[in-house]
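This structure is in structure tokens; I'll ask about it shortly.
Order as written gives the chain letters A, B, C, D, E and F; numbering starts at 1 within each chain.
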Amino acid sequence: VAGKIATQAGAFMLEKPLGGRGLLLGGVPGVAAGKVMVIGGGVVGQNAAEIAIGMGAETYVYDRSIDRLRELEVLLNGRCSTCYASTLEIESRLGEMDLVIGAVLVHGAKAPRVITRDQLSLMKRHAVLVDVSIDQGGCFETSHATTHSDPTYEVDGITHYCVANMPGAVPITSTWALTNATMPYLLKLCDQGVHRALGSDPGFMRGLNVAAGRLTYEPVAQDQGLQYTAPEDALAAVPVL
Amino acid sequence: VAGKIATQAGAFMLEKPLGGRGLLLGGVPGVAAGKVMVIGGGVVGQNAAEIAIGMGAETYVYDRSIDRLRELEVLLNGRCSTCYASTLEIESRLGEMDLVIGAVLVHGAKAPRVITRDQLSLMKRHAVLVDVSIDQGGCFETSHATTHSDPTYEVDGITHYCVANMPGAVPITSTWALTNATMPYLLKLCDQGVHRALGSDPGFMRGLNVAAGRLTYEPVAQDQGLQYTAPEDALAAVPVL
Amino acid sequence: VAGKIATQAGAFMLEKPLGGRGLLLGGVPGVAAGKVMVIGGGVVGQNAAEIAIGMGAETYVYDRSIDRLRELEVLLNGRCSTCYASTLEIESRLGEMDLVIGAVLVHGAKAPRVITRDQLSLMKRHAVLVDVSIDQGGCFETSHATTHSDPTYEVDGITHYCVANMPGAVPITSTWALTNATMPYLLKLCDQGVHRALGSDPGFMRGLNVAAGRLTYEPVAQDQGLQYTAPEDALAAVPVL
Amino acid sequence: VAGKIATQAGAFMLEKPLGGRGLLLGGVPGVAAGKVMVIGGGVVGQNAAEIAIGMGAETYVYDRSIDRLRELEVLLNGRCSTCYASTLEIESRLGEMDLVIGAVLVHGAKAPRVITRDQLSLMKRHAVLVDVSIDQGGCFETSHATTHSDPTYEVDGITHYCVANMPGAVPITSTWALTNATMPYLLKLCDQGVHRALGSDPGFMRGLNVAAGRLTYEPVAQDQGLQYTAPEDALAAVPVL
Amino acid sequence: VAGKIATQAGAFMLEKPLGGRGLLLGGVPGVAAGKVMVIGGGVVGQNAAEIAIGMGAETYVYDRSIDRLRELEVLLNGRCSTCYASTLEIESRLGEMDLVIGAVLVHGAKAPRVITRDQLSLMKRHAVLVDVSIDQGGCFETSHATTHSDPTYEVDGITHYCVANMPGAVPITSTWALTNATMPYLLKLCDQGVHRALGSDPGFMRGLNVAAGRLTYEPVAQDQGLQYTAPEDALAAVPVL
Amino acid sequence: VAGKIATQAGAFMLEKPLGGRGLLLGGVPGVAAGKVMVIGGGVVGQNAAEIAIGMGAETYVYDRSIDRLRELEVLLNGRCSTCYASTLEIESRLGEMDLVIGAVLVHGAKAPRVITRDQLSLMKRHAVLVDVSIDQGGCFETSHATTHSDPTYEVDGITHYCVANMPGAVPITSTWALTNATMPYLLKLCDQGVHRALGSDPGFMRGLNVAAGRLTYEPVAQDQGLQYTAPEDALAAVPVL
């Protein structure tokens, strides 16, 4: 969800009254389309690129995996350029871009920095940066979280859109997406009860956070300096209903 | 230009914090895409539909000309539904729509009303109306012009986006588009001088507004109660340089 | 093969003289296309959807795996809606459909019931059901196998097309498809003889049904109450030529 | 409408139990798709080709106008072969075809013969011919009109599908299409009355068949040996209500 | 034909051993595709662009007609950038291009110059120019006709491919294309004889070059200083067979 | 890279002055496109087919894996025919082909022979064979390596293009592609030093060819009759800097 919102927000922020360059991403016949750089070719980046392509922008997706770039050529029907995400390659194109979307998500870790403050000077004035990684600390050096009521700020002439929890803006879509993902677990719980449902599915068991007054999710325990109990052990202390 | 802006603005206004239903136009796998009705299948409507399709929405274009609907099937690659623009047909679908774009432009005339205030009650709460015809008086009964700094208002639970002069939001794109269209005339003027340039091109002559102190554009003359002089006659009084 | 036949048969059965609603699946400009629901997003369902999309129908594919729905978005080029296959979701759309194709195939098991007789009352009169799962018992409560000479029957005003062995209708295509799949095994047999060919390929060995007068395929043995011999053991009793 | 029905009927008639070759038009990976020849590249032929392409067939459209072939390349997205409709060219390909659709419609005239009985001998046994021109006398020498209850017959081993009034099989679609085309005239009649509505639109006037007891449509008068009165004259005798 | 050959020749000439930059027009995942500028958006330019897009190049088509650029967006499925052909616009992009195809054909006149020798200095070393207008004098200042046996030469480090009569390289395709265009006239001649065939078709009559020893094609007469006779008059002196 | 070059070279070699049949691969409206057979559906064959499709040719890809053929249908968007690579199937189509591309690459082994000298007699005179497998010995019986300066020769009337090291013709593209693939290893070497970089990545270790005067790549050792040392052992003798 976040990737699609990122592009639609970025396109809108490019309008002049909203602080952008005053450019229509899709162009018109005889007038060049805008250029969009998507850094990070995972699911989020792919979704961001899909919408950019659909709006008619010239789109460049950056990733460090050649295999993933190959997949993206197919997934995006060859309608964007795929680029190797080296600093050299990013810097060589940054000056042409109207919209840059940071979608560098590393599972369970802080996002790496892919654009420094210095590199902003390479960009066109009033180009727009959208940082989808903001919930993990942001992937631009100059990113800090904003809100829907005051979504953008400017650094060195570049508009930043760094709204935290972007999917929260489309609760209908996000809720259905979440429900579709959780429903199978819910049904299993109802059908089999807690012990059997978790016992027969190691992935489900790992999702247990608290049982019988024990903290059973290790990262949270470490982060909070509390004691961790293995979920199987904690669950054994819960009476079967 | 206006058609493309209309859809991108409408998509953005569907976000909850901006007053919309809180729905992502493009959907995600397993969650239905939003539905967009474009009323009016001219160039503006076609552009609006193109962006809606590109963003992944289920798109319905309405027009009264079967020939134009046939063309649109080709122009839009069969990726939207084309519908005959009768009141019956519009009302039968209005309740399913998330975004309705009014693009009913009649050359040199006030836009006809295609959705009445009563019909708003058929719509989903917080669906979004975008009125591209607002510069010609608007094509929804409840439309009135707004500005980029305060773009929307609500009537009967329906969000209205009726910003006047939408292309003004993307001056880079609009200026180039305008320049491309006017440049051939400018070059002709420079090469041939006023008399020969206008004299050899009746369409160019009709574009003359004022010459030798005379008003040479009839609609303005009528509107302002001033005397009209044929452009050829007025121009004859201008000395050739 | 079966999926493609299912849609082409269903499209044809929608014609009035054949008992259908009298609707052209592809629509024409200005007249809405028909709607097709494909339940089950495996290879069969994907093929059924491809033909439905190719014929111009508005197509909805239902599956319980979000990952598979994501794949289908790519495989079908984003030209259909992908939906989570819950009862709620199916019932909410059933009333709009002209053609419903049941393609719920569970490997080696009886097909689950996805539409009950009660749910037929939600559907449009003379809509068409095609049950591709009929060879595994059918996935609609009201399905029973029919033949090409008398392919349809009606239950509660809904036309059912449940021809057993649909691929048998296109023997040229089916035979080539089967030959392509079996040829590598045949060549191996000819090149290496039975013992070496089966001995070097565990999958091939498992395909042995009878050897040296012994039944070597376990499910059949169980089903028929006969004695099962492991294929390796039975084969050992066969002299090498 | 007729073109789309023609292909869907032809695809179905290719099934073995219906008298065809027993071939799936769309093929499967590794097995060649069927080949479809559409003779006549007008709107009917274009629609027939669209469905054939959508079903995955290798499609060849024949027409005598190079300009129209160029248009068809675009309209059909380059997904079929366009061929010049000479006898030589048709005969050179006829032997490869599984389905041949005759869509040679000449406005207000008998359809020309594009395949003779002799040429049937060039074709594969149990290939299928569909004659959409049958309402104008048919464009194959061996065509004669059939009905939906007994749609096909065989000549020299070739299956013929020549159902008269094919659009009658899909009354929902056909009625809406007809209504969309006639509605503007109906509204004009209601708004302006007969005299003004016809008087202001020469095309509408020419559509008048009978007025004040006079026959006002010339071809019918000639055909039936009755007297013809110009519609303007007959209408003058009708009192204005 | 010429436009398609131009791109395929240009792609090949970009290979290092043939004198080009040593670049693959289509790129590979992670390596940018080559850039192709097509100057002139007529049928020839459209064909050149189609092949460039098909080979995976980033393609820019230049024309002076906004209406034609709009058509090209549709004809080329939005897969290239359309640009207004001003000197400013051409110069601003020339430095990025790997291949430039000149396809500026003005009916019956010398091709205008669109790239001067000075502008070559803006280009990348060993970029390739292909001049399809060479049969009309060439549209680059530095063009002169070459032959298939020695197709290229270099000026200021830029490779020029200016083979005269490019369609002559593919006689099978060109002959069929020519035959399709001339066959209807030939058939008319055979069916009706010279007098009636030409007499009933003014366009055909204008194509007559010589009759009864008279020169009947005016431009040739003027060019050669010979006497011109109107074709109708000359033909009257030819006996009807 | 090689696959794309193969098709663009093959298309060019089909021109008459270069020894080919004199046919434009893409055809023109009304004139059939050329036919291209790609034998081998791996990455190279897929790339060759992509360019062939992009140039407008009728394309047939042959492979022995039905699963891969299924993938190719998706990867190539259903725009080519996929065929099972049996001798029967290849021979049955060989006579229709204008261009045959051999792309049968077996990892680390000599390419198998897929077309014999006898089979050349089935082909059209001056059809073109391109052998991408030439660096592994070639996949046509009549192949032998050629150079860019003298790329083709003729056997039994069939033009052979068998240039060794085809990617060498586009050094810009090939170098970037190679750099993208090797850069991660280079960075690891610089960051961690040789011992840690290779020690922590078994794949990297296997890539070591020579260390401390020892040959550490087994196939080369065998081929040259030299002594082989395991890379871990040889590396242990190298001092850590």
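One rule holds in what follows: contacts are C-beta pairs under 8 Å (C-beta built on N, C-alpha and C of every residue); 3 or more make two chains touch, one makes a residue touch a chain.
Here the structure is a predicted model, which means the values were calculated and not measured.
Novice: Would you mind naming the chains that touch subunit C and likewise touch subunit F?
Specialist: Neighbours common to subunit C and subunit F are A, D.
Novice: Note the rotational component of the Cα superposition from subunit A to subunit E, reported as an angle of 0 to 180 degrees in steps of 5.
Specialist: 180
Novice: Looking at subunit A with subunit F, do both copies bring the same residues to the contact (over half shared) or different ones?
Specialist: different
Novice: With respect to inter-chain C-beta contacts, which pair, B-D or A-B, contains the greater number?
Specialist: If we tally the contacting C-beta pairs, A-B comes out ahead.
Novice: Please compute the C-alpha centroid of subunit D, do the same for subunit E, then give the distance between them in whole Å.
Specialist: 38
Novice: What is the distance in Å between the mean C-alpha positions of subunit A and subunit D?
Specialist: A distance of 52 Å separates the two centres.
Novice: Could you please state the distance in Å, as a whole number, between where the Cα atoms of subunit D are centred and where those of subunit F are centred?
Specialist: Inter-chain centre distance comes to 48 Å.
Novice: With chain centres taken as the means of their Cα atoms, state the distance from subunit C to subunit D in Å.
Specialist: 34
Novice: Would you pick out the residues of subunit F that each touch at least 2 other chains?
Specialist: 27, 30-31, 56, 66, 74, 77, 84, 176, 180
Novice: Which pairs of chains touch one another in this structure?
Specialist: The complete list of chain pairs in contact reads A-B, A-C, A-E, A-F, B-C, B-D, B-E, C-D, C-F, D-E, D-F, E-F.
Novice: Subunit B touches which residues of subunit C in the complex?
Specialist: The contact residues of subunit C facing subunit B are 27, 29-33, 56, 58, 66, 69-70, 72-73, 78-79, 81-84.
Novice: Spell out the residues on subunit A that touch subunit F in their complex, using ranges where they run on.
Specialist: That would be residues 64, 66, 74, 77, 84, 86 of subunit A.
Novice: In the complex, go through subunit A and note every residue touching subunit B.
Specialist: Against subunit B, subunit A makes touches at 1, 4-5, 8-9, 11-12, 14-18, 21-28, 30-31, 50-51, 53-56, 148-149, 168-174, 176-177, 180.
Novice: Within their complex, state which residues of subunit F touch subunit A.
Specialist: 74-75, 77, 176, 180-181, 183-184
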